[in-house]
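There are two complexes below, and they share chain A, which is joined by chain B in the first and by chain C in the second.
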Partner chain A sequence: MSFDFTLIIDAVPKILLGIGLTFQLLVVSAVLGLVLAIGIMLMRISGKWYLSWPAQIYIYIFRGTPILVQIFIVYYGFPQLEFIRESFIWPLFRDPFGCAIVALTLNTGAYVSEILRGGVMGVDRGILEAGTALGLSVRQRFIHLTSPIAIRLALPAYGNDVISLLKSTALASTITLADMTGIARTIVAQTFAPYEIFISLAIIYMILTWILQKSLGRVERHLGRYMQK
Partner chain B sequence: MKFTTLRKLTIGLTAVLTFGTAFGASAETLRVGMECTYAPFNYRTADGELTGYDVDVAKGVAEIIGADLEYVCQQWDGMIPALLANKFDLIVASMSITNSRLEKIDFSSPYRDSVGRLVGKSNMEKPLFDAADKPIPENFTGLRIGLERASTYESWFNAILPDADIVLYDGSEPLYLDLVNGRVDAIMTNPMKAHLRFLAKEEGSGFEFVSPAIAEVEYFGTGVGIGLRQGQSELKASLDGAIKKLINDGKLTEYALKYFPFPIHNEEWGDN
Partner chain C sequence: MTSNAVIQMKNVGKSFGTFQALKGINLEVAKGERIVVCGPSGSGKSTMIRCINRLEKHDEGKIIIDGKELTDQVDDINAVRREVGMVFQSFNLFPHMTILKNLMLAQRLVRKTSKAEARDTAMQLLERVKIPEQADKYPIQLSGGQQQRVAIARTLCMKPKIILFDEPTSALDPEMINEVLEVMTDLARYGMTMICVTHEMGFARSVADRVIFMDAGEIVEEAEPKAFFSNPKNDRTKKFLSQILSH
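Moving on, here comes the complex of A and B:
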């Protein structure tokens, strides 16, 4: 099998037309997922069973099923239900972009909430006891003591999840979205040259991952600067 | 006496063994790639058995050239790459013989018409085609058209209506789902398939063909053929011969009438 470099030169600019959509999927679902994760994590550690149980069930469901299946359920499954088709949320589910965002957000939210919980659990009890001794309220202790330390502790694992989310966005191509992977698959279908095109696509994802990794590393170093000598 | 019996037995056994090996070698196995979800051409029945017009043709050809068949299910957009990667030997998947495909693979002579037609809501506001059956581009604006990725329909739209809003799908079943859901306004597909699978059924009420049958040879090819890797002239010749025999023996008509009220090939393909 010969390797045709001119194909790569033709294909890369076309694939890059999808980088905007890939980025939108990543940023929107990462931000919404983080907000969701904070809420779920607070429910999970609230100590009240009626908050903690639903959170645990949610986490179990979304960590326990493949994200491709979740995307298919949202895209193909929900429209089968009459009441969703007739409700005000239908415009969201009618649009494949909306479906992809919903599925990616729900999925990443489950993982990130557990990452954040890990951070919160990692905060030294002594610090919180010192806070109590100084007369801080529960809320003040959480905002001023727990949160900054927990964020620092959770950041490496969180960065890992963002990188994994970047690659999950490729699954949006299965529900008609023309993200980078969707465009690459269309080019393969026209040129019948899977090696050249998919290798170019893989390299683009690797470059994006490298950029993400470097930026997250910077944030980590910034937050952990008190530990550096 | 004893000796002759033993000798007879030996000769018999040798004959059986020789015949056995010879038979095993002659019946080569051809692996056939198809989607397995493209009713009524290639699909599974409720019992999981593969059936359809393409499957009938594959079986008919295999019988004539004396080969065994093994089916490989492959998603449409990877069909030609999979053939080139030797995942199977033949494509019998309703694939039209187009020039761009002929650059990469060979085709047998055709065994079915290649044609496309748009399906949309019965009460479309503006006609999409004029009286001379030419598309009216401005009436396509604002319409989302669903197509299978890598289909002849996609190349037709890219060439004739490049500004249309195209949504690409990985299989044919989601097209109908999303047409009913309203995610797309029209789909282009094989009219025989659309009729059987959708329009004749209850879910297809309120929908109809919104275009004439489109079969421009430049985009739709001379028909549907069996795909094979290039440089296998012997295999191609035996496939061609088998298909012509199926046409001349009336077998193709027989296969078509199992699914449709009319034959779906051209009798002239059986000549010479």
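Moving on, here comes the complex of A and C:
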């Protein structure tokens, strides 16, 4: 079998037309997912069963099911529910972009909340005791001691999740969105050249991942200044 | 009850599950008094001083600090913690802040001091513990002895009436112990009320007004250092002293 480079030269610019949408999916769901994750994590470590249990159930559901299934449930399932169709959130679920954002956000939120919890648990108890002994309140300790240290501890795992989320955005193509993967699939349907097109697509994702990885590495080093002798 | 007692512990008990860490502790500490607490590991020394600023909650008896009884009332406990400083075995500096910020944080948040004033106080105290040149470094860049001196300065920034030391030299390399003891001796000279859990018997001899020996959660013996070392009364004290002074 031959490898047709002209096909690639033709296809790459077309695929890149979807990069904006891929980025929107990534950034919007990463930001919303992080906000959600902070809330879920706080519920989880609150020490109050009526907050911690719902958080644990939520995490269990979203880590326990494939993200593709979650996207399908949101996109195909929710519109069947009358109360959703009649509520103010209906425009969100009528739109495949909205559905993809909801599913990706809920999914990444579950994972990131556990990553953040790991960071919070990793903060040395002695440091918090020193804060207590100096008269800092629970809230002051959380803001000035726990959070900054936990964020630095959680960063490598969090970066991993953002990179994983980039790849998950490709699943949005299954619900008609023309992100990079969606466009590539359309081109394949027209050219019958899955090999060339999907390899090109894979390489684009790899380049994006490399850029993400480098930027996250910079942030890690910047926030980790205090760890270097 | 003497009126100048800043710490009063009356029949204080504390259990961790079924383990009784403290049993019937009675202790009064006068203003300006310097107390050294020693005893075998697991004897309740740390637990006792941790009850004084309520890092541990006692479950029997009464603790009164500077006229305020320690209870679950949040406002009261924070008011007490402002007056009681603590220095830990493992320094517990805030790793993500420079030395200067370590010293400024509680002043700003708890005492509501202005930034400039907090900085001045911090620098003065770094001078006092003889490491002003380290102000902009991070804790990890300092030696253990330097870190512990920073921890003492951080406590002093709050202008506490009492300082509790929980084995402040136990985590240090031998050559760094003296620089920390010197700072502590200096504090003692200026009349700070101190309770110090330590096995530095030289420090106890030269600085302490009273030495307390604990074993199995009880205060077994207390005496002036001279009497304590030359003429211990209790067999457990004798055994302990022979163990730590034999080499």
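Rule of thumb we're sticking to: the second predicted complex is superposed on the first by the 228 of 229 C-alpha atoms of A that agree within 3 Å, B and C clash if a C-alpha of one lies under 4 Å from a C-alpha of the other, contacts with A are read in each partner's own complex, and residues count from 1 in each chain.
Quick note on the criterion: a residue touches a chain if its C-beta (ideal position, glycine included) is under 8 Å from a C-beta of that chain, and two chains touch if they have at least 3 such contacts.
What you see is a predicted model; the values in this text were computed from it and never measured.
When both complexes are overlaid on chain A, the residue A:159 reaches neither chain B nor chain C.
Using the contact criterion defined above for the overlaid structures, shared-chain residue A:18 touches neither chain B nor chain C, since it reaches no partner.
When the shared chain is aligned, chain C comes close enough to touch A:137, but chain B does not.
In the superposed model, A:33 makes contact with neither chain B nor chain C.
Chain A has more of its residues touched by C than by the other of chain B and chain C. By the touch criterion defined above, A:176 reaches chain B but does not reach chain C.
Of the two partner chains placed by the overlay, only chain B lies in contact with A:192; chain C stays clear of it.
Comparing which residues of chain A touch chain B with which touch chain C, the overlap is empty. The touching residues of chain A, when paired with chain B in their complex, are 1, 76, 79, 85, 94, 96, 174, 176, 178, 182, 185-186, 188-190, 192-194.
Those residues of chain C lying in contact with chain A across their complex are 53, 55, 78, 81-82, 84-86, 88, 90, 92-97, 105-106, 109-110, 138-141, 151, 154-155, 158.
Contact residues on chain A toward chain C in their complex (touch as defined above): 124, 126-127, 129-137, 140, 144-145, 148-149, 152, 225-229. Across the interface of their complex, chain A is touched by residues 77-78, 80-81, 84-85, 100, 104, 149-150, 167-170, 174, 177, 181-183 of chain B.
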